[in-house]
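Here the chain labels run A, B, C and D in written order, and each chain numbers its own residues starting at 1.
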Amino acid sequence: MNIHEYQGREILRRHGLPVPPGQVADSVDRAVAVAKELGVPVMVKAQVLTGGRGKAGGVKFCATIEDVRTHAKAILGMEIKGHTVRKVLVTPAADIAAEFYLGMLVDRRSGRVLVMASAEGGVEIEQVAREKPEAIVRYEVDPRYGLLDHQALGLGLRLCAGDLKKARQLGAALQKLYAAFVAADASLAEINPFIFTPAGEGLAIDAKVNLDDNALFRHADYEELRDREAEDPAERAAREADLSFVKLHGDVGCLVNGAGLAMATMDLVKYYGGQPANFLDIGGSSNPEKVVNALRIILADREVKAILFNIFGGITRCDDVARGIIQATNQLDIRVPIVVRLTGTNEDQARQLLAKTQLVPAATMDEAVQKAISLAAAAA
Amino acid sequence: MAIFVDQNTRVIVQGITGRDGSFHTQGMLNYGTPVVGGVTPGKGSQVFADRVPIFDTVADAVAATGANTSVIFVPPPHAAGAILEAADAGVSLVVCITEGVPTLDMVRVMPYLRERGVRLIGPNCPGLLAPGLAKLGIMPASIVKPGTVGVVSRSGTLTYEVVWQLTGAGLGQSTCLGIGGDPVIGTTFLDAVEAFAADPGTDALVLIGEIGGDAEERAAAYLQDRVDMPVVAFIAGRTAPPGKRMGHAGAIVTGGSGTAADKTKALEGAGIPVAQRAGDIVPLLRQVQAKRNR
Amino acid sequence: MNIHEYQGREILRRHGLPVPPGQVADSVDRAVAVAKELGVPVMVKAQVLTGGRGKAGGVKFCATIEDVRTHAKAILGMEIKGHTVRKVLVTPAADIAAEFYLGMLVDRRSGRVLVMASAEGGVEIEQVAREKPEAIVRYEVDPRYGLLDHQALGLGLRLCAGDLKKARQLGAALQKLYAAFVAADASLAEINPFIFTPAGEGLAIDAKVNLDDNALFRHADYEELRDREAEDPAERAAREADLSFVKLHGDVGCLVNGAGLAMATMDLVKYYGGQPANFLDIGGSSNPEKVVNALRIILADREVKAILFNIFGGITRCDDVARGIIQATNQLDIRVPIVVRLTGTNEDQARQLLAKTQLVPAATMDEAVQKAISLAAAAA
Amino acid sequence: MAIFVDQNTRVIVQGITGRDGSFHTQGMLNYGTPVVGGVTPGKGSQVFADRVPIFDTVADAVAATGANTSVIFVPPPHAAGAILEAADAGVSLVVCITEGVPTLDMVRVMPYLRERGVRLIGPNCPGLLAPGLAKLGIMPASIVKPGTVGVVSRSGTLTYEVVWQLTGAGLGQSTCLGIGGDPVIGTTFLDAVEAFAADPGTDALVLIGEIGGDAEERAAAYLQDRVDMPVVAFIAGRTAPPGKRMGHAGAIVTGGSGTAADKTKALEGAGIPVAQRAGDIVPLLRQVQAKRNR
């Protein structure tokens, strides 16, 4: 789950990181009020769940209250990579003497939290990784001990060439970031930049925190961090129906059991010249309710011209699955052709059941995909 | 023969009385898997399916049955704890089927297993099926057939699809292994490949990868350097958009790495043909086998 | 540092253990007021920093408010093993269906926190260990992982013969006790008994928590837990002067550098038929200020008839030490003979310095101890 | 020869610029100990006593000097961290002089050391002095003399007292080792005894124990079973009242165990004479040696 900068800041602040004050505003007037309270100069920063805000003009320095009014007006409502800006963060503009990147993520290879940090702060770490990989210091944290004092200080000293005072602040920031990462069940946490003011004060200027969806059950309070407005309505509906769904932009709706098979199905649609409309994994048991929810989500997409079920029954009996699909389609107003491929135990009985319906049976993935593509093309 | 299981495998099931646990334990028993016990706290002294004794703790189960393997069907909040319990009780192989285990739970679990020399398969995986020998997990027994092809995969139903095609083409399997789709897993692609390479019962390999991470790339490097048997691969997710989680917590392309193109390149660079479609795997494998037999 | 039951209860409560309500009272009226607020029946429990309260009559069941008045009156002011009772804890009397002992301490051998628990609750664990050792379950906690869920539940199941509901409560209590132990830097933590009411509710009825003196620097708040009134005045003065001191009941005051040598010196006093008045380690450097403080504490003990310095100089120069001792003795009114044994660098110069004073020099430990004993005997 | 140190020992001092650290580093240098570096964060690139380079971190010091041993004079709040840093940097021997380290810090430190195979001496100890070879810590060099008696002790000045008596009687030492008086220490009595037993340069042992714990009892059992050299012992604290901490955090008699009487009984039961007075140690040792030479 991705959360906004202002929410990530709050998590970091709770773990003792030096986050400057600031408030979020959803209107120009509110932004101005916050700026007046803080005193100019301030930064006005678009709160959107995507990167590249700066380049898109979503982050502005405001020397005066008039600036705040002008920029907040321009930024609120702006589209950034398909996301509408509904909120801005207003926060004091800091004098920057030095900028650092401090980040953490779960490293698959080591199975540990990987600290990544760089004195090349303020730019995207991917860019640093490409252009100046030696500028990134990395450290895999042993989960049994956490990020120890000497390790944190050692990283700090490497980042600022032995300046002990700065190194201590950077080390402490990394330890707090690690504590926040673990406590929040994050999958990614970045401070970019972590700055020092000319007076030597360290500040966490930006915050990006992604949370592990699998761990949300133990963070009931995080549900309220979820920005429902910023979510794609279909993805939100899928999440609420406990379906794995990603919206794409094709005309063949895909309904598959299993994530790997769902990806392979999308790939096959593309292989045969079609365009998948989505990724959708309906999970292990295809009970009618889930199928109804899934179909409803896919049908809401007006671009969808044909729907493809690809179910590898495995242990589930295919005749049961077929009955579930038929029951589900009966409950809904189906406006597009549906191709169904069912494989596994009792697949023959399943085919007999489908034969009595409008559903188009198919014996293999390839056949199903090809049929769905031509039906979609015919409907276009 | 097979990897990770043999004639001495003795299995317990953690969460044996749950909905999934009981269903799949029955499936394992039906396949002839030596399930010698089950664990559900508070249900010690009950019996499952008239023949499998249930214990309160894994330690009790191991003490009473001599089990060396555990299959876990425990809900996500307690799955990591179940793995730790199994490791603590002295089993040497743990298969965790549970989907949705928090990643940092697995980060904490891994050193505990390593300290004890315990192998974990999963979590979020279908488990392992060694045709004719044992089934540990949820793979459908109907699709497999004894043979000499090793199958390793990060996904569930896509594995079934491929295994079903292999079996349909008369290519039996030594072991079908689903390692799971999560970012932090016990047995990696590379671990599986190493085990297959050392297994005299395996003479060909099918790798079913997907986007995210670099497990396939690492396996490719190993295969090129150290393994001399026919290998073909398939990578799911060629059309996945970057930054989106494709169902599996591990299936996400980040910062331009972990793409299907990267993986395909690495595999082909190691001389391993990569099927464009799942349906191409069998013909591709036959081709590679034929080339070697010339 | 030992703390009172009511203070230990507070630490346990903060870590989520089910501690029944209750308040401490330093007068009969206050005890009665607390009992009225809680409602009878209550227990009135002497708060003293020693064991064996029950046997001494310091713990009483009170069915009525009249009982509270009677027992509080009897207990307040009572002497238990040399400790005067100044406070009582008033807490609801619970119906007990089952009693357990839950305890933890740092095990020297394994270097880990050792959990000890027993279904033989309510009696001293030492007695259980002697009479029924098999009734104690033990578990060494790996500090890297803490007390894991299955370990805690496994201990719970062993303690209550597989009763899952009780086992879960016992397991949870052990995990919370471990968390409290670690967070508080305890050296010992005991709940004896942890009970179940007939309704199956688990309650931590008693609490004994000792804190690691070495860790007090990171628990500034614990200084207020220290019961200065309950401390021996001499031991308190020594603690405040940063001296290791234990009061004994002899007539030879001992002033030694190093704990091992101080013990060996006491032993030697006893060996030659004398009685040491104290254990006192003045630590590494014998600067005059420390010597003054140490002498003052020893001289305050009117039983002391002679004082013995046993200093093994090691790296410190003995002439410096001698000067320090002379300077210190000049600042105080010394009413008893002082024997000084100094060994190490420049010990000859030291002896020359001492020769000009009233101080009695000695060349060896044995000589010094024998001289001190006879001087004490002569003064008696 | 000696235990724990040899010709290849290369020493760094953590906390070299502190009051105690600088004083005792000078003492170690005076004794000819190969002190090759010091560590004080923020003082990297300074030099101690015109010849010992100072580094910001132990890792830097080890990289630059090849040190394999660290002596720690760091205040209690950071002592455990200093031990971890030394272990992490790859030294194989750490001597921690610091007194007052919280016990649970040591509990956390121990597995870290064990995982890395690092030996710790202390904390709260005078360190080690191998006469003629090296001094690691604060033992006064003036009281020792090269020889073949191994001395191991839980205390500081009491050790000096005994060593001084040995030297005065012409009995030189192979190594004098103070293991420290805390409840959780790196090198135990037993570890020291094992090392002395394996040291060809040691042919007699003096054990200086004190009340608390069962370290002496365990060493006694080992000595009885496995060691064939003259051994005498002394136990401080025979007159200590129970339940009181006698200076050392570890010197406390609890629940009737850890008494001097227990320890004396265990040692004498193992055939090891226990001196009543420190002054009896030398004559007792001579007696045992004479008996064996008959």
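Heads up, the rule we're going with is that contacts are C-beta pairs under 8 Å (C-beta built on N, C-alpha and C of every residue); 3 or more make two chains touch, one makes a residue touch a chain.
Everything numeric here is computed off the predicted structure, so don't read it as measured data.
Here C-D and B-C are compared, and the pair linked by more C-beta contacts is C-D. Set against the Cα centre of chain D, the chain with the most distant centre is A. Computed from the mean C-alpha positions, the centre of chain C lies at a distance of 27 Å from the centre of chain D.
Per-chain Cα centroids separate chain A from chain D by 56 Å. Across the assembly, chain D contributes residues 108, 111 that each touch 2 or more other chains. In chain C, the residues touching two or more other chains are 144-145.
If each chain is drawn as a node and touching chains are joined, the picture fits none of the line, ring, star or complete shapes. All chain pairs in contact, by the document's touch criterion: A-B, A-C, A-D, B-C, C-D. For chain A in complex with chain D, the residues that touch the partner chain are 144-145, 148-151, 153-154, 157, 162, 164, 167. Residue ranges of chain B in contact with chain C, taken from their complex: 41-42, 44, 56-59, 78, 81-82, 84-85, 88, 108, 111-112. Within the complex formed with chain C, the chain A residues making contact are 144-145.
On chain B, the positions that touch chain A within their shared complex are 23-24, 27, 76-77, 100-108, 110-111, 138-140, 142-143, 153-161, 164, 181, 183-184, 208, 210-215, 218, 234, 236-241, 244-251, 255-256, 260, 276-279. Chain contact summary for the complex, chain A toward chain B: residues 106, 108-109, 111-113, 125-126, 129, 142-144, 182, 185, 187, 212-215, 217-218, 244, 246, 248, 256-264, 266-271, 276, 279, 281, 312-315, 343-345, 364-366.
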